[in-house]
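Got a structure here, written out as structure tokens. Questions coming.
All chains are identified by letter, namely A, B and C, in their written order; residue positions are counted from 1 within each chain.
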Amino acid sequence: MILYLMCFALFLVGLYGLLTKRDLIKIILSSAIMGYSTNLFLVLFGYRRDATYAILTPNNSGQAMVDPLPQALVLTSIVIELGITALLVALAIRLYQKYGTFDITKMRSLKG
Amino acid sequence: MILPYFVLLPLLAAFLIALLAGKKDDWAIALSFMATLSILALSVFGFITMREQTFTYAMSGWNIPIGICLVQDALSLFMLFMISLIALTSLCFSVQYIRHLAQDWKYYALFMLLLTGMNGVVVTGDLFNLYVFMEIALIAAFALVAYGCRAEEYEASFKYAIMGGFSSSVILIAIALTYSSTSTLTLAGIAQALPGLDQRLVMWIAALFLVGFGLKAAAIPFHTWLPDAHSSAPAPISSMLSGVLIKALGIYVLIRLFYNVFNAPPLFMNLLLIIGSVSIMLGVFLAIGQWDLKRLLAYHSISQIGYILLGLGLATPLGILGAVFHLFNHAIFKSLLFYGAGAVEMVLGTRNLKKMGKLAHLLPITAGTNMVASLSISGIPPFNGFFSKLILIIAAIQAGHPVYAFWAILGSLLTLASFMKVQRYGFYGEVEHQKPNIMPGKLIHAAMLILAVICLLSSLFIVPGIREHTLDPVVDVINNKIHYIELVYGRAL
Amino acid sequence: MKDSHGMTPIVKTVTRVSVWLILLYGCYIILHGHLTPGGGFAGGVVIALAFLNVMLAYGKSFTAEWLNIRLLKDIEAASITLFLVLGLLGIAFGNAFLANFLGKGEMFSLFSSGTIPLFNIIIGIKVALSLFLVVWVLADIDSAKGGDL
């Protein structure tokens, strides 16, 4: 249980950063932390005590295995987050070109 | 089976565009038109011949408990038809509009990926698969919002991506909780397992899904990204986002989850009613003060999404009918309004209503179709918006919620007021204009005229005799709630 | 990333040796994806890191000569198209999209499990190239002034 609560704490760290930071790079990092906490949460559900990895090899047939599905899901979600982070970094670089700063309080072409 | 091709054709088109297109965009345009036309034809064919049945398709030959399945029923075919129709007109509009911005094949590849994602969300019957397709659509949408390379577009796209990332995290947590408690990710399997669980946990999962997909649907407490993203994007993309993306990723998934999986829990139906009515009013109030035409339209999207949620929250067959009908109508007239705004922006280079003025003589077709769409959105007979709003209001009264009915009427009146402002200042104002050096071409006019005609024709959907073959099968799928389980498992293989 | 001459000779010498080992390891992971932990994605990331090592140690201009970036972009688009074509062959020869249509072979041998190793190889190429190209393109943007991607 404590592990799940710590995951939630990590999620809140990300959310806090997302809401309070003004630097584009820090916002991207906060968003990434939030994603990692979710992935950790998901992969923890697949864990079984004293179980081996979920791949059939000549040595470990017959033993209890961890649940492989959350691992596959997490791998997919990591790839998705990689894509989103790359896109966010590209946007941050372009915003830096336009404004000469990473500070979001100085970017004011959208309002209302 | 036609089901996998809804995803495969646009995906193949996107990759072939990336492979074949050199510097020019001819190949890209041809390929994307071919893909969109063929999925439009497939969805029409599917809706005409198979609307009463439910089919499943097991991906890579693995059957339901193990593999991913795709599910085809009247609701998904209806959504597919709507998506491909708007996508086709958007492509027609794009050819000249995007050449005016930059001649580039990347736009079409991204457009096809957007289409892939939305079609995938609609056809899939697996929760995580839905998440993956949703992200494909969203990443394409982030890139397309920033396509015009101006500072405000980057800013809007950044904001959209951050909000999208947050909502995706929330949805992923909900998926993790669902998987840990039901041990399955197939929607029908989840629906089967849910009644046996601790109901408090189910409510928490449902609440997380409501926050996540409510953010995608831009219902009112989660709407802040929408006006920026939808008003900054290129006009055909605005119409795709406002017309179908928020419905395919937001409303459709909410319908599927809350009706077919969670069996319409009364608590969440009431929440949808409240969110819907607040969205109607706040959206229209925020819209009425805007002078930026596209921003005004974007705020109206929030308000119209409110009507759809209101109909869904009523949870009566008539309310659902109104919601489904309004879903379709909103896609048509909102896209048309965005095309009008895009054509004006292309010709005059401004979106400010005060600078538009006398456009009725300069752009007669744009002004005419915009008038049709404005009348339609503000609920004037005989256009489609009138009928769907009428059904929603009658349904609210029948369900014993006269307050919500009154609320909807008030929202509709305010919508009329704000579109009178658009017509008065935007198209029949005082500012005179010189003959501009760029005029909308034939394809743009074709896109606008097609949608204007559909605005009028789709009122016929409600006529008895046609209704039984168009809207009723869709309403049945939604109204049958967790009968969905038997439909999916009954025809597995 | 501006400095096109790269890092010190020590780093360059180490990289010259290690990059081939990293590439070999990536290929090993991809090829044994159906037998051991790892697979197309993990191996692809390792290969991309080998390329990025060269880019960091020797600088961009050397890497641009060493690798044909234009060709890499084409291979990347081609690999994913090939993936879809293989999936469609599953419809043609099997019973569904992505279905297996090759012999399953003997358990635990390198040439086994039907189409899965082929998909692993394609995914490995795709991941390696796209990850490398993403960083390449991001490093290409001159952050001081505007430029087109």
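We take it that contacts are C-beta pairs under 8 Å (C-beta built on N, C-alpha and C of every residue); 3 or more make two chains touch, one makes a residue touch a chain.
Nothing here was measured: the structure is a model prediction, and the numbers come from that model.
Set against the Cα centre of chain C, the chain with the most distant centre is B. Across the assembly, the chain pair joined by the most C-beta contact pairs is A-B. In terms of their C-alpha centroids, the spacing between chain A and chain B amounts to 28 Å. Once the centre of each chain is set as its mean CA position, chain A and chain C turn out to be 23 Å apart. Mean C-alpha positions place chain B and chain C at a centre distance of 36 Å.
Chain A has residues 94, 98 in contact with two or more other chains.
Only residues 35-37, 41, 108, 131, 134, 137-138, 141, 143-147, 149 of chain C touch chain A when the two sit together in their complex. Interface residues of chain C facing chain B in the complex, by the touch rule stated above, are 74, 77-78, 80-81, 84, 87-88, 90-91, 94-100.
Those residues of chain B that touch chain C in the shared complex are 4, 8, 11-12, 15-16, 18-19, 57-61.
Chain A makes touch with chain B in their complex at residues 11, 14-15, 18, 24, 27, 31, 34-35, 37-39, 41-42, 45, 69-70, 73, 76-77, 80-81, 83-84, 87-88, 91-92, 94-95, 98-99, 107, 109-110, 112. Of all the residues in chain B, the ones that touch chain A in their complex are 128, 131-132, 135, 139, 142-143, 146, 149, 151-152, 154-159, 161-162, 164-166, 168-169, 172-173, 175-176, 179-180, 185, 227-228, 232, 286, 290, 295.
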